[in-house]
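Single-structure report; data block below.
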Amino acid sequence: MVKKFLNDPKNFVVEMLEGIIAAHPRQLAYVADDVHCIVKAGERQPNKVAIATGGGSGHLPLFLGYVGEGLLDGCAVGDVFQSPSAEQMLEVTKAIDAGAGVLYIYGNYSGDIINFDMAAEMADMEGIRVESVIAADDVASAPKGEEGKRRGVAGIFYVYKCAGAMAAEGGTLEEVKRIAEKACANVRTMGVALTPCIVPEVGTPGFEIGEDEMEIGMGIHGERGIRRGPLRTADEIIDEIMPQIVDDLPFVQGDEVSVLVNSLGATPKEELYILYRRVSQILGEKGIRVFNTYVGEFATSMEMAGASVSLFRLDDELKRLLCKPAHTPFFVQPQL
Amino acid sequence: MNALDVDAVKSILTRLKQVMDDERDRLIELDQAIGDGDLGLAMTKAFTAAAEEADASEETLPGKLLMRAGMVIAKAAPSTMGTLVATGFMRGGKAVGEAEAIGPGELAAFWRAFVDGIMQRGKTQLGNKTIVDSLHPAAEALEEAAAAGKSLAEALADAAAAARKGNEAAKMMQSQHGRAAVFRDQTIGKEDGGAYVGVLLIEAFAAQAAG
Amino acid sequence: MVKKFLNDPKNFVVEMLEGIIAAHPRQLAYVADDVHCIVKAGERQPNKVAIATGGGSGHLPLFLGYVGEGLLDGCAVGDVFQSPSAEQMLEVTKAIDAGAGVLYIYGNYSGDIINFDMAAEMADMEGIRVESVIAADDVASAPKGEEGKRRGVAGIFYVYKCAGAMAAEGGTLEEVKRIAEKACANVRTMGVALTPCIVPEVGTPGFEIGEDEMEIGMGIHGERGIRRGPLRTADEIIDEIMPQIVDDLPFVQGDEVSVLVNSLGATPKEELYILYRRVSQILGEKGIRVFNTYVGEFATSMEMAGASVSLFRLDDELKRLLCKPAHTPFFVQPQL
Amino acid sequence: MNALDVDAVKSILTRLKQVMDDERDRLIELDQAIGDGDLGLAMTKAFTAAAEEADASEETLPGKLLMRAGMVIAKAAPSTMGTLVATGFMRGGKAVGEAEAIGPGELAAFWRAFVDGIMQRGKTQLGNKTIVDSLHPAAEALEEAAAAGKSLAEALADAAAAARKGNEAAKMMQSQHGRAAVFRDQTIGKEDGGAYVGVLLIEAFAAQAAG
C-alpha cells in the first residue's frame, strides 16, 4: 500500500512542480511553457557564467532545490528517477545563458549523460558555449581506479556550492569548470539504505530490504550496494562505512573537511545526529579536522529510510567558496 | 509487399506501442534485476508517443516519419534507452532519406545508421551487454540478406533471428554501462533489458513484413 | 521491527544531543554539565530579553533547532515525547538571563506546563523575571471556544520567529510577550498522519493506522485526531482540512498570510508541494493573499508519515518581524 | 509496628520500584488508550531513581527521605505524572517534618499535603479523572482512621480500599486534563492511568504496614 499524499500518480511530477512554483514565485520560474524547465526568477546578471543541472525527480532538494542566489541558474527536471529530455535541457540553457557560457553539473547516470551530451550539441549549434562536469562521488558504486563508473550522490552539493560561488564572483567558464572539477575530486560519499521507496507510477517498491536488513552502499534509485546484511547499530554502521570513505581519497591526518550527513528521506534528523556523533569521533581519532557540518536532507530518494555521509576536503580556495552565502527556497546559508 | 511505405511504418509504430504495453512488466523486471527498473515505463511512454505521432502525422515519406518518431520519443522518454532509441530512429530515418518506400537495401541502411547512432551517443560498441548486442547482428544480417537479394520478409526474418541470437549471447556478457555496470560479474548470466528491446524492435518490423 | 539508526535505545536522546553539539560547536553549547540544557553559544547580549523553550525529543527541529540568532536563547530538552525537568529549565533560564527577564514559549502539554510552572517559581526565587506564553494552534484538538485545551504543534514556529525578532530588536519582556501572544492568536494548524512512529525505548508503534487509512487531526505524539478513514487523494485531504483552519480564526478575504506546510517526518518534500499546490488554489479562491511560504520539516514526530498546514495571519508588525533574518543550525532565513 | 521509620520508608520506595516495573506494561496500555502511552516509562524511571536514592541515602528522618525521593523523581521523570508525584512527595515529606516515625496522624498529614500539592500544581480538583480521584479519598480515609484511633495497618487498609473505590469511580468520569482531554466522552468508561498509579502508591504503603 502506498502511504503517500498523491492525486493521480501520473501527475506526481507536474503537480509537485506547480506547487514549488506556487510556493516560491519570487525565487523560481519556468521557461518554454514547461514547468520542468526551472530557472532562477528575475533578471540575468550580464556576463555571469550560468550553471545548469538536471536529473530525475524524487530527490528533493536535488536538483532544482539548488537553483538560487550563489548557486545554480537553472534545472531541467525529469520524471521520477528519469532524466529530463535534451530538449528541456536546451530550453533551460538558452534561458540562463548570459553570454558567458553555461556549465552543466550533474550526476554520473547514463540517461543524464546521454541527454546532456545531446543538449550540449544542440546548444553549440545555437552558439552557446557549454562545458560539463559530472559528479561521481559514491565510493560504493565502483572501486578506486574506476572512479569514472561511480554514481553521483549527495556530494554533488559541494560541487554546486563551490562552483556557484565562483560563478557569483564573476569567474569565467573555465574557472567555474575548474572549481567544479576540483570539488568533484575532493568529495567522497557512501550511504546505507534501510527501506526501499516507491515510484508513484509503479506503486510498489522496486526492490525489497528484509525486515531486519540494511544495504550498505545502496544508490539513490535503489541500485544495489556493496553488501546486504542484518541491521547493525548506528556506531557499527559508521565504523563500517567511514574507512571506505576516508581511505578512498585518502583523507589523512591534518586534512580539514566539511562533513555532510544526508537523510535519504524518511530517516529523521535525530538519527542523523546519532550517526554524526560517531563520524566526528572517528575523524577526531584520525586527526582530520572538521571545518563545518551539514546535517539534513540534501539528496533523497523520496520516503526511503537511510543516510549517507560525505567528506569534502578543503583547501583555502574551496573553503572560501564554501563559506559564501547562498539562498534558494531549499537551502540558505549566511556568509560563514 | 517487398517494401514498407509510410502506412506500413505507421502500423509498425502502432504495433510497437502494443508490444511495449504487453512487455511492460517483463521489461521492468529485467531492468530491476540489473538496473533501476524503469525500462518498461520508458518504452511504453516512448512508443505511446510514437504511435500518436504516427496516427496524427500527415508525413508521406517513411524516412521522415521515422525521424519524427525519434524526435517525439526523445521528448517522451528521455531515459538512456529512450534517448538511444530516439537517436536511432532519427539517424535511421535520415539514412532512408527521400525514399518512397523502404526496401531491403533501405532497411539495411536504416538499421546500420540506427545502431551506429546508438554506439556514438552511448559511447559504446559490441560486447558491452547493451541494445547494440542485439541490433548490431540484426543490421549485419539485413546487409547480408539485401546483398543476397532476399525478400524484405526473409531479410527481416534473418534479422530477427540474429537479434535473438545476439540477445542470447549478451546474457553471458558483463554490463559495462549505466546502472548495470556496478553489478559487474553479477550481471553475467542475466538478460539485458536493452538488448531485449532490440529484439522487440526488429520483430515488430518482421511481423509487419510477414503479415 | 525498528528500522532506525540506533545504538542502545536508552541513549537515544543523549547521543543525539552529543551529535548536535559536536556538529554545531560555534552555534550551540550546553550548561550545568547537562547536554539536555542547550543554549546559544557565545556571549549574552546585555539587557536583551532572553527566550527559552523546551519540550520532549523526537520533534526536530523542534525545539532546540530554533535556538540561534534572531530566535531563541535556550532550550531544555526532554526524553522522547517527555517534558524536560523543571530543574533543567531552571538551569537554562539562569544561563540565558541577561538581566531583562526570560520569556518561556512552549506547547500546550500538561507535562511541560507543570514543569515550566515549577521552573518559573524557582527562577522567581532566584530573582529572575519570567513570563510564559503557551502555543495552542492545533484546531483539531479542541473546538472553537475551548482554545485553551488545544495542543501546540508546528505553528509555534511563527511564535518563536516573531518573538525572537522582537527580542533581537531590543523589546522589553512585556513587548516580547505581547508579540508572542499576538502570534499565538493569529496562527492555526491542522495535520494528517499516515503512519505511526516508534519511540526508540518502547520499540513498537504506540498506535496503529490501518494499511489504507489516515488520521485527520492526529497530534505530534500520536494523540488521536478528529476522524480516521480511508486514505484519500492529496487534494481531497487538503479540501477537508483547509476549511477547518480557515473558518476557525476565521481567515477572510483580504487577509494576508504566511503558510507553513510541515512534514511530520517521513513524508518527502515532493508530497508537501503537492499538498501546497491545493492549499494555494483554495487560498486564491478565497481571496486570501499568501505573503510567503515555508515548506519542509518544522515540527516532526520522528519517522511518522504525515503533514500539517499552518496559516499565520499577518499585519504590518508581525510581517516586519517575520521578515527579519534568523540563523540557527536548523533554520536560516535572510532578511525577506 | 504502628509507625513507619526511615527503614520502612526505604523499603516502601524499593517496593514501589518493583511494583512499577511489574505494572509498566499495564500503565503503558492504560495511557495509550486515552493518553500518549508513556506513563509506564515515567513511573519506572521515577521509582528506579527513588529506590536508588533510598538505597544510597544516609537520611535518618522519614520525612526528609520522602522529600529527597520527590526531588530525584522530579529530575528522573519529568512527565505530568512524574512531576505531580514528585511534588506530592516533596510536600508530603515536608508535612511529616522532623518526626522520627510516621504514625497514623503523620501519615494522614503526608497524604493530605501530597494530594493538595498535586491539585495546586496540576490546577485541578476532584472529579477530573486524574490521580486526585484515587488519592483524595485515600487521604480522607486516613484522616478518619487516625481520628478514630485505628492502627497504621488498619488505616492504610481503609485508604487502599478508598483509593481503589476512587479509581473505580473515576472510570465513569470524563478527562479534563492533558492528552486525555481531547478524547472527551470517549474517555468515559476507561480507567485513568494516573488514578491507578494513586492506587499503587497507597497499596505499597499498605503492604509495608501489613507485612
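Letters A, B, C and D mark the chains in the order given here, with residues in each chain numbered from 1 onward.
In the analysis below, a residue touches a chain if its C-beta (ideal position, glycine included) is under 8 Å from a C-beta of that chain, and two chains touch if they have at least 3 such contacts.
As the structure is a computational prediction, the values presented were derived from the model and not from experiment.
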Rounded Å distance, subunit B centre to subunit C centre (Cα mean): 56
Whole-Å gap between the CA centroids of subunit C and subunit D: 33
Centre-of-Cα separation between subunit C and subunit A, whole angstrom: 29
Residues within subunit A bordering two or more other chains: none
Sites on subunit D at which at least two other chains make contact: none
Chain contact topology (line, ring, star, complete or other): line
Chain-chain contacts as defined at top: A-B, A-C, C-D
Subunit C residues touching subunit D - in the complex, by the definition given at the top: 78-79, 81-88, 109-111, 114-115, 117-118, 141-142, 149, 151, 199, 201-202, 206-207, 219, 221-224
Footprint of subunit A on subunit B - complex, ascending: 28, 32, 36-38, 41-42, 74-75, 78-80, 82-84, 87, 121-122, 177-179, 181-183
Residues of subunit C touching subunit A in the complex: 1, 3-8, 12, 15-20, 22-24, 57-58, 60-61, 194-195, 211-212, 231, 233-235, 237, 259, 261, 265-277, 280, 293, 295-297, 300, 302-303, 305, 307, 325, 327, 329-330, 332-334
